[in-house]
Amino acid sequence: MKIRPLHDRILVQRIEEEQRTESGIIIPDTAKEKPIMGKVIAVGDGRLLENGQRQPLTVKEGDKILFSKYAGTEIKIKGEEYLIMREDDVLAIIEE
Amino acid sequence: MKIRPLHDRILVQRIEEEQRTESGIIIPDTAKEKPIMGKVIAVGDGRLLENGQRQPLTVKEGDKILFSKYAGTEIKIKGEEYLIMREDDVLAIIEE
Amino acid sequence: MKIRPLHDRILVQRIEEEQRTESGIIIPDTAKEKPIMGKVIAVGDGRLLENGQRQPLTVKEGDKILFSKYAGTEIKIKGEEYLIMREDDVLAIIEE
Amino acid sequence: MKIRPLHDRILVQRIEEEQRTESGIIIPDTAKEKPIMGKVIAVGDGRLLENGQRQPLTVKEGDKILFSKYAGTEIKIKGEEYLIMREDDVLAIIEE
Amino acid sequence: MKIRPLHDRILVQRIEEEQRTESGIIIPDTAKEKPIMGKVIAVGDGRLLENGQRQPLTVKEGDKILFSKYAGTEIKIKGEEYLIMREDDVLAIIEE
Amino acid sequence: MKIRPLHDRILVQRIEEEQRTESGIIIPDTAKEKPIMGKVIAVGDGRLLENGQRQPLTVKEGDKILFSKYAGTEIKIKGEEYLIMREDDVLAIIEE
Amino acid sequence: MKIRPLHDRILVQRIEEEQRTESGIIIPDTAKEKPIMGKVIAVGDGRLLENGQRQPLTVKEGDKILFSKYAGTEIKIKGEEYLIMREDDVLAIIEE
């Protein structure tokens, strides 16, 4: 079974705090509600422009990303938790 | 009798929880109001772009989809419950 | 006398519940405020696009449609009740 | 003296209830706040599109129209009451 | 000294009620907050369209106009009161 | 050191009331919260249009302008107070 | 590890008050919530226009900028605090 997000949406799996700490990215205590790290599992085919073109997304499967805590909709697939959000909710890609 | 959704709207039938469980997609307890699975019964002829083109929809008849619980308008046809929603309310297509 | 709806507006006559029941479309009790069936009596000449083109409407005179209960403005012509609404308030066309 | 409405605005004179009754259009009691009949006295030169074109209005001087009760701004000219509204507030043209 | 309104803005001087009465335009008692007559003193160079063109304004210096009472920002120049508003706040031009 | 406002923003220095009085522009007592005079210190490189062009600003360095009291963000540079605002917050240019 | 902000977003590090004072830019006491100085650490690949072009950002890595105190989302990377914001939240670039 495969989840194919629609258009400008992406499927994301949260990266747990221990893993984040290793990567050196820490959410400050005074900003508990702030960005969260995740891994992109699947991406949509892009956003539709008014000229009829579909613009491919920038984030790719496997990317590690930062996103706002309130972004997206929660979903559980075969016991694993995921989020479906729009690419515009992604703040940044983390390259290692 | 056939229901033909208008433009970017689609006709959807909910998939019951037992069926969803089999497919491995479970809505977490802590997210009771979250996405719902459904089957696309009929689709509109597409969204009108400002250049006058009509953009065909991505979802097709027969697709299994995830959508937000609050999406769409309920309707009952020959004893069966359906929803009419916009394609933009669809989060993802589930491929098996 | 003829009512000519403007641009993307249409003139609609409600179809009574008895008739709807025959057609097999029932609004569930738990969704009393939900969609309503009607017949299109007249349509406007279309929506104006930003490129100056006027896009003809999809719904046609005589179409049976589903629309949201809160759509449109009520009007009484020669003792008969009608609604004037925008085409975007139409959820679907019912084909028989 | 002549009132020339600007762009997509029109000057309208209400048609009194007695006249409306003759024409067969009655506003139902249960919809007292609903549409009103009027006669178009003057029209603007059209709406400006983003491509720089000015799109002429559909309603013409002399047209009998239906419009929402809350549409427009009241004005009194030489003892007569008028309304200035946008063409988009016009629901339909009444042809006889 | 000259006030040059920016883009789609215009500089307007109110016409007092006595003058308005002569011209035959009276604001009804029941609509005290409604439109006001004024004279255009200066106009901007037009509205910028998305294609980069600047669309000249329709109202010209010297025009007598009707505008909503709440339109614009008050200003006093050499003891005289003026208003700066957008052309879209102008309801109509009065021709004599 | 130089402040370069971004895109459609401008850097403005307020002109004090004594100076304004000399120029003949007075903010009426009944409109205390109304427009304010200032001098343009620096301007951005223009607004980005949807066609990718950057539209240069109309106001230039050295222009005397009128703007709404609530426009912009305050900043102090080497002991002097300034405002950074968008060009669209400028009501008019004052030419002498 | 590198943070690559998405599209029109930028990664910014606040400049402390002592440093700001040296540069001559002081936030007035009466405007405590007002703009903040920062250094641009990384920039996205630009904003997507409706014609499918991606417009590169104006701010560059290393730029000293002014931005509104409420702009952006806080994040801590290897013990250092950063902000991710949109370029439109940048008020001005400071050149020395």
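In order of appearance the chains are A, B, C, D, E, F and G, and numbering begins at 1 in each one.
Just so it is clear, a residue touches a chain if its C-beta (ideal position, glycine included) is under 8 Å from a C-beta of that chain, and two chains touch if they have at least 3 such contacts.
Note that the structure is a prediction, hence the values are computed from the model and not measured.
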Required minimum of steps from chain C to chain F, each step between chains that touch: 3
Angular offset of chain A relative to chain F [C-alpha, multiple of 5 degrees]: 105
Chain D-chain G separation of Cα centroids, rounded to whole Å: 51
Euclidean distance of C-alpha centroids - chain E vs chain G, Å: 41
Where chain A and chain G are represented by their mean Cα positions, the distance between them in whole Å: 23
Per-residue overlap in chain F, given as positions that touch at least 2 other chains: 50-51
Graph class of chain-chain contacts, one of line, ring, star, complete, other: ring
Starting from chain A, with chain G taken as the next chain, the full ring order: A, G, F, E, D, C, B
For the chain G and chain A complex, residues of the former touching the latter: 1-7, 9, 11, 42, 45, 48, 50-52, 73-79, 81, 84
Contact footprint of chain C on chain D as seen in their complex: 23-28, 30-31, 34-35, 47, 49-51, 53, 55, 58-59, 66, 68, 87-88, 90-96
